[in-house]
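In order of appearance the chains are A, B, C, D and E, and numbering begins at 1 in each one.
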Amino acid sequence: DTTLTVHYPMPGFFKDVMDTISKKFMEENPDITIQFANPSATYEEGIQTIMRQAGTSEMPDLTFIGLNRLRMADERGIPVDMGPLIQNDQNSMAEQGFSDTILKLAQVNGKQVGLAFATSNPIMYYNADLVKQAGGNPDNPPKTWDEVIALGAKIKALGNGVDSIDFRWQGDDWMFSALLFGAGGTMLNEDESEVTFNGPEGQKAMEIIDRMVKEAGMPVFTKPAGEQAFVAGKVGFAFQTTGALRNTIKNVGEKFDLRTAEIPLIDPENGKLPTGGNAVVILTKDEAKQDAAWKFAKFAAGPYGASVVVPGTGYVPNNELAAKSPEYLGDFYKENPLFQAGLKQMPRMIPWYAFPGANGVRVTQAIVDNTSRVVDQSATPQEALDDAASEVKRLLPRK
Amino acid sequence: MTSNGFPPARIARLALLGFGALVFLSPYIFMISTAGKTQSDIFTSSLTLIPQRWYFFENFAKAWSRVSMPTLLFNGVVVCLLILVIQVIVAVPCAYAMAKLKFRAARAMMVLVMLGLLVPIHATALPLYVGFDRVGALNSYVALVAPFTISVFGIFLFLQFFRSMPDDLIHAARLDGMSEVGIIARVIVPNAWPAITAFSIFSVVAHWNDLYWPLIVVSNQAYATPPLGLLYFRAAEAGDDYGALMAATLIITFPLVAAFLLAQKRFVEGITMTGLKG
Amino acid sequence: MAEVIASSSPSPVSVRAIPRSDADRHEARAAWMLAAPAILLTFLFIILPVCAVVTLGFTDFELGYSGFRFVGFENYAELLNDRTFKQSLWNTFIYAAIVAPVSIFLALGLAMLIEAEGIGRSFFRTAYFLPVASLIVAMATVWQYLFHPSIGPINALLALVGIEGPNWLGASSTVLYSLALIGIWQTVGFNLVLFLAGLTAIPRDLYSAAEVDGARSAWDRFRLVTWPMLGPTTLFVTTISVINAVKVFETVKTLTEGGPNKASEVLLFTIYQEGFVYLRVGYASAMTVVFLLILIVLMFVQYRIQDRQVHYT
Amino acid sequence: MSALSLRAIEKSFNGNQILKGVSLDAEPGEFIALVGPSGCGKSTLLRILAGLETADSGMITVGDQDLTKLQAAACNVAMVFQSYALYPHLTAAQNIAVPLVMRRLTRAQRLPLLGPLMPGQRQAVAEIKRDVRDMAVSLKIDHLMDRKPGQMSGGQRQRVALGRAMVRRPAVFLMDEPLSNLDANLRVHARGEIVDLHRRAGVPTVYVTHDQAEALSMADRVAVMIGGALLQLAPPAVIYDDPRHIEVAKFVGQPRINLLSMQVDTDGTVGFGEARCGLSRIDVAAASSVTLGIRPEFVSVSREGRGMPAKVERIEFLGSEIIVHSRLDQSGDTMIAKLTPAEGAGLTAGMPIRLNAAPERLFVFAQDGRRLFSTPVMDSDLRERAYG
Amino acid sequence: MSALSLRAIEKSFNGNQILKGVSLDAEPGEFIALVGPSGCGKSTLLRILAGLETADSGMITVGDQDLTKLQAAACNVAMVFQSYALYPHLTAAQNIAVPLVMRRLTRAQRLPLLGPLMPGQRQAVAEIKRDVRDMAVSLKIDHLMDRKPGQMSGGQRQRVALGRAMVRRPAVFLMDEPLSNLDANLRVHARGEIVDLHRRAGVPTVYVTHDQAEALSMADRVAVMIGGALLQLAPPAVIYDDPRHIEVAKFVGQPRINLLSMQVDTDGTVGFGEARCGLSRIDVAAASSVTLGIRPEFVSVSREGRGMPAKVERIEFLGSEIIVHSRLDQSGDTMIAKLTPAEGAGLTAGMPIRLNAAPERLFVFAQDGRRLFSTPVMDSDLRERAYG
């Protein structure tokens, strides 16, 4: 018998999901026992815990790592290379819906460090009641940022403490990426030697944030404050991960008419969106355990896992079989229109950019800090971008 | 100064104190109110303390079932008790030696105690973590308890208290045939209860609530302490289940409040007698 | 030396004349034995780790990479130019400069009110002490809600009287003050209990004497008796309050993560961030050393200045 | 008009009546000692006098000022406390200066830094300094002026406390057991000093003590208070030699007075052995059982002859005198006799003796404690006849 | 062989010699009072006796018990402390039982829960209970056995402390001012009780006090210690009537002895007014200036006639006696006289008086404090002649 210790982040999203999956897995594999380590509150705390524990006896056998931190983990040699395992299982992989695109999401420089477990993209949440009051048509939500900002300004003008927009810029660089990639921009150039996010696309992106504040009166929300205000019916639009959908639905309850839509893109033609989410990663170096761990990884990231994750959270399916097969999710989307926004955006998903070198976390922090200067209007978009760029340049590995 | 009659000065005083108490208690009022609300009832734009739907039972049931509350409380009690008992067993004899025996190192120890008061666990967490890893003691009660077994604050407090105990009492005990250990067990400790109570409150409050250290050394839920358990509810990404969170908070806070209520008279007495006041 | 005489006498008559050092040595041995566990544990869990921190401060050790090299004072040199560190020092200073004095004087005022009041003593004591005993992880959530810029009760109340409340935790201009408010809320009860103990220890006769001496107003009696007699208490409370204020961490970690834009970065949070987030243990250790030095200097200075003035013998 | 007058002062705490209508007048410059057992209400009365406590009813006047409703700070009454209540953070000089600073300087002038800038402050401060110095010199504590109370001996502290009370020339001077914290030798010495100071200041003084020797030796008049009521207010010799109440007789005198319960004889007399005295008809009619009091120094001891037979229980040698404890053969009561060493020579424990008393020294008390008027019956033959 | 013997005990603290070679022997069953002013080293000596402190040199023997290297716990010496030092958390019965429990039960038998399971524990505990009860009955505190010290009065506590000390039948019994925390009345009463108890127990006792009256009234012999040295060890009457040293005379007697420095006359006599006494030739040759001591009760006061002229300064009335403070016209020395109220009647402050003393009551002390042998010169005419 084998016992696997599994660690995962964000229990708020995943606890129920993990419990369901592990229960089913143990039913199917009676010789393997799954036990959970203390979950970490966020992706960042998760990876920190793992990096601290790496090499110690406390290190779990499996973990779930944010897609943008796979690179950092790999540079420290933490994950087990899944390449050989996939090689052995070639056929069944495809059968279970692990297409190449899906596998790519969890590769670092071509090395398979994990299997994408939950994937997301940023969508637009809106309060149909407020939209209606402000003279908009909830059935035909804004398609461009200009429309969002204009309608936001009208919502703000309703008064009574109502705010226009909650754009989730805090925490990490994901939502900035959404604007940047949506304009067709990139963080760094091809060979990762130059900073490019302060180019014209980046400027357009940052200006959108600036205009949200200037024209639509977006306040400086902390992350929880924004969430709470939106579910309280005090905010018109919220832009954040589709992964938060299930919780948002629960929190809103009957208070107002909650809708979702695709996020506007600065460049509607070529715009892309970052893939959020996480991947299951095998940590154990113990050969005997690795087999069991691989079984569990495949199971969690496989069609059954996805069929639990998607309805339980709001993440988009990372498994083609699950998405299409009526056995899994086929009917779900028909019955739950709020979940369709994320699904429709799947073709635009590209990897969430992970910075090279040891300072990945600080780079992210530098971008967030400078974005906050725009939000609280203590810097112009140009200044903020330039400062962020020079700081990031300093933090990137010197070649 | 007396409690008969209600002159204006007294009414003003009571009003001031009452208002202050209300301000200080307001977070708890919201906490209790929230613990009785449904998820969608919590973040509304209207300010109501009374839940629209009475949801206390559901929230408490959820708090009790979603994390394994009995395990958390049990761990909390075990860790706090172990810490407290060892702290007292270690600090009392040391303070006694410093206060009542001719002891050349007493001065040096005093300096050590004062310096020790200044070093927070936050400062030494890293080397300690590495150390516990080396001896393979992470994820155990040992890791949770060991760094706090020495309480310089306790030594400091007991020292003040013992200094005020009459020497004659100790001489009498020696004449009656007690050894030094016997004196500690039979004379010092039974008479140091006010000081021990005061110290217990400080110690238990600190360690029941400590998040920093358990977060670092515990990854196995079997050893999670109450604050760590609360973190399960507090996921950062999305709106959490606040009703249940508050219910859990109430469950976890209650033992402490009850303990304080029971001990508060002795607590103040203990502080007065330990000369902590000066 | 014990000298036995009359060993030949029929009834053994004996002498006690142990040289002093012998008896003292016995007592000292007992003392050492009693203190040994404490000394051992202090060494193990305080001294040794502090030495380790000091040593690590001279290395470039990073968690996750094995091995490190000694870099001399490089970490300290980097600290001099670290914008975050400087900001964090300044923020910690401001925070402590607000929380310590306000919580001390508020506690003193409340303690005197409670002491003067006959009824409800234990209720008030408990009400004000409750925050000390509560879980900041959980209370942070409540505070976050109370401070909410649009749906928070505080701003709602302010709106009732026509004031547009600030964005407490969201704006870089107010976040530190909001945290300070929470800090005060957390500390007052602790100080209050200490002051209450101090007040009960003041001899009643002194107040009578002050009254007979012509101290007409409550303020005169405060100046003449209460304040000077509370000297030792105040010294202790100040020490504890300053140390605790400088050690602020949990609220920052749970409520603001140092943001927005480092407006609420404080020393311990920065150290934690460097050590456990960026995993740069060497650099974090150097910061820790600076942090400890600040604490030690602070306490040393304070004791030098105040101790003389508050102990009247 | 009296310098200080109390009229029917009553005071209760939580329903317990502590003072039961106390009235008292003091002449200018008079020294009144207020004695009584612990808890009888002495301090309470003093605190009411000082304005620290308000009486439930009654009236206090000092000179022609009605103090009844005045606050302590407003009355011109000074007080010395048992604990001295010196401010531990102030030097002796500063302690003595406090009442002057509080009275002579305005609030503005007392401010720490701004005070010296106020007009007139300098001069007032200089005057205060001078007065403090004069006081210190007259109390012989001028060398202590820079010490804090913690650095002084008990006797020195007591003098500083006196200085603080006297420096502002109060209209009334109150002292609450100011010597009880001193050791025996110092206490005897300090008695003389306080009497001296009082004579020089000439201010009416109420001096509380529970030490009867202190009261008798220092006061012009002694007020004996028992259970919240003044039982007698009279000069020391009267208190001792002519107590009006059994409690007064019991409280004053060391060793304590011998008390014997007995029945009044049919001839209306009562007595101890040969020494007898007669009571008035009215008294005899009212009560047949009384208590006889004999002070130990009026008990004489002889080995044989007349007198009450008794047995020596214990002999205490005190140098200049000897205390003989004995037990009466008849009633089993203990009797204490105070003898000179010469008189007591040869007495040993267990020895049978005879006790006698001088009839003019017998006190007779009614059952309610009142002293009864009695006349010594000198001729024992007369009595014999009446018996027959 | 004596029951307790100290030989040349010396002790220094931080270079200050506190005990300067103290030697003392006690007979079986003897009650020795050790008196002396505060700080003279009484407690230190007692603590050395008890084994709580070790002497720098000297030797102690108790009966035939080997005290060498014994720790306090092991000597069979019991001690009663000034503060009683009762264990506040234990009842009276438990307090008294402690020394028995510690001595009669093994460590295992004393364990809280396991103890009762040990063989023999039951019986031993029952015996202890019986002994404690007997002790309580004999001290009349059996009704207090379940109270804790906090619920007892001073006198009751003192008795419990006595019980705890006596219950284990020590070979020596030490008491350090056991009565000083009691109030005056209780103190007098307790004296008798302690003497009684001592008589019943028959154990040699060293009783420390700084109250000379206590020492004189209780002890078989009084040891007067001044500045770390024993000046005299003798029965009370001898200490009082025949002091060997000026310090002894000064310390014993209340009010204090009158001391007058004077020159020896050419005829080898020295005296007070008419009362004179002669010194031996050797003494006269050695010192021409001596100190004359006269106890206050031997000073007589007359308004006129013969005697030393003096002026009354202050009169203290103490009920059964009167203390007259006066100043000699010639030398300016103060003289204290103790009179009965009758003798003192009519004296007032400022009045000129004449003082006389009985020549057989004069003590003459050399300058180093030694008492000089002197013989009263009764016939003043004889003296007159020698003068001429």
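Please note the rule applied: contacts are C-beta pairs under 8 Å (C-beta built on N, C-alpha and C of every residue); 3 or more make two chains touch, one makes a residue touch a chain.
On a predicted model such as this, the values are computed, not experimentally measured, just so you know.
Counted as hops between touching chains, the shortest connection from subunit A to subunit D is 2. Separation of subunit A from subunit B in touch steps, taking the shortest path, is 1.
Between B-E and A-C, more C-beta contact pairs join the chains of A-C. For this pair, subunit C with subunit D, the centres built from the Cα atoms lie 53 Å apart. Subunit B and subunit D, compared by their mean Cα positions, are separated by 54 Å.
Subunit B and subunit C have Cα centroids separated by 15 Å. In subunit B, 43-45, 216, 231, 234 are the positions where the chain touches two or more neighbouring chains simultaneously. In subunit E, the residues that touch at least two other chains are 51, 71. Among the residues of subunit A, those touching two or more other chains are numbered 52, 161, 224, 228-229, 232, 234. Subunit B contributes residues 38-45, 66, 129, 133, 136, 138-139, 216, 218-221, 224, 228, 231-241 to its touches with subunit A in the complex. For subunit B in complex with subunit C, the touching residues are 1-3, 10, 13-14, 16-17, 20-21, 24-28, 30-31, 34, 43-45, 47, 89-91, 93-94, 96-98, 101-106, 109, 112, 114-120, 122-128, 130-131, 146-147, 149-150, 152, 155, 180-181, 184, 205, 208-209, 211-212, 216, 226-227, 230-231, 234, 242, 245-246, 248-249, 252-253, 256-257, 260-261, 264-265, 267-268, 271-272, 275-278. Listed in rising order, the residues of subunit C touching subunit A in the complex are 62-66, 141, 144-145, 148-151, 159, 167, 169-172, 255-256, 259-262, 276-279.
Residues 203, 205-206, 208-216, 220, 224-225, 228-229, 231, 312-313 of subunit C touch subunit D in their complex. Looking at the complex, you find that subunit A touches subunit B at residues 5, 7, 10-13, 15, 35-39, 41-42, 49, 52-53, 56-58, 60, 160-161, 171, 223-224, 227-229, 231-234, 241, 243-244, 247-248, 250-255.
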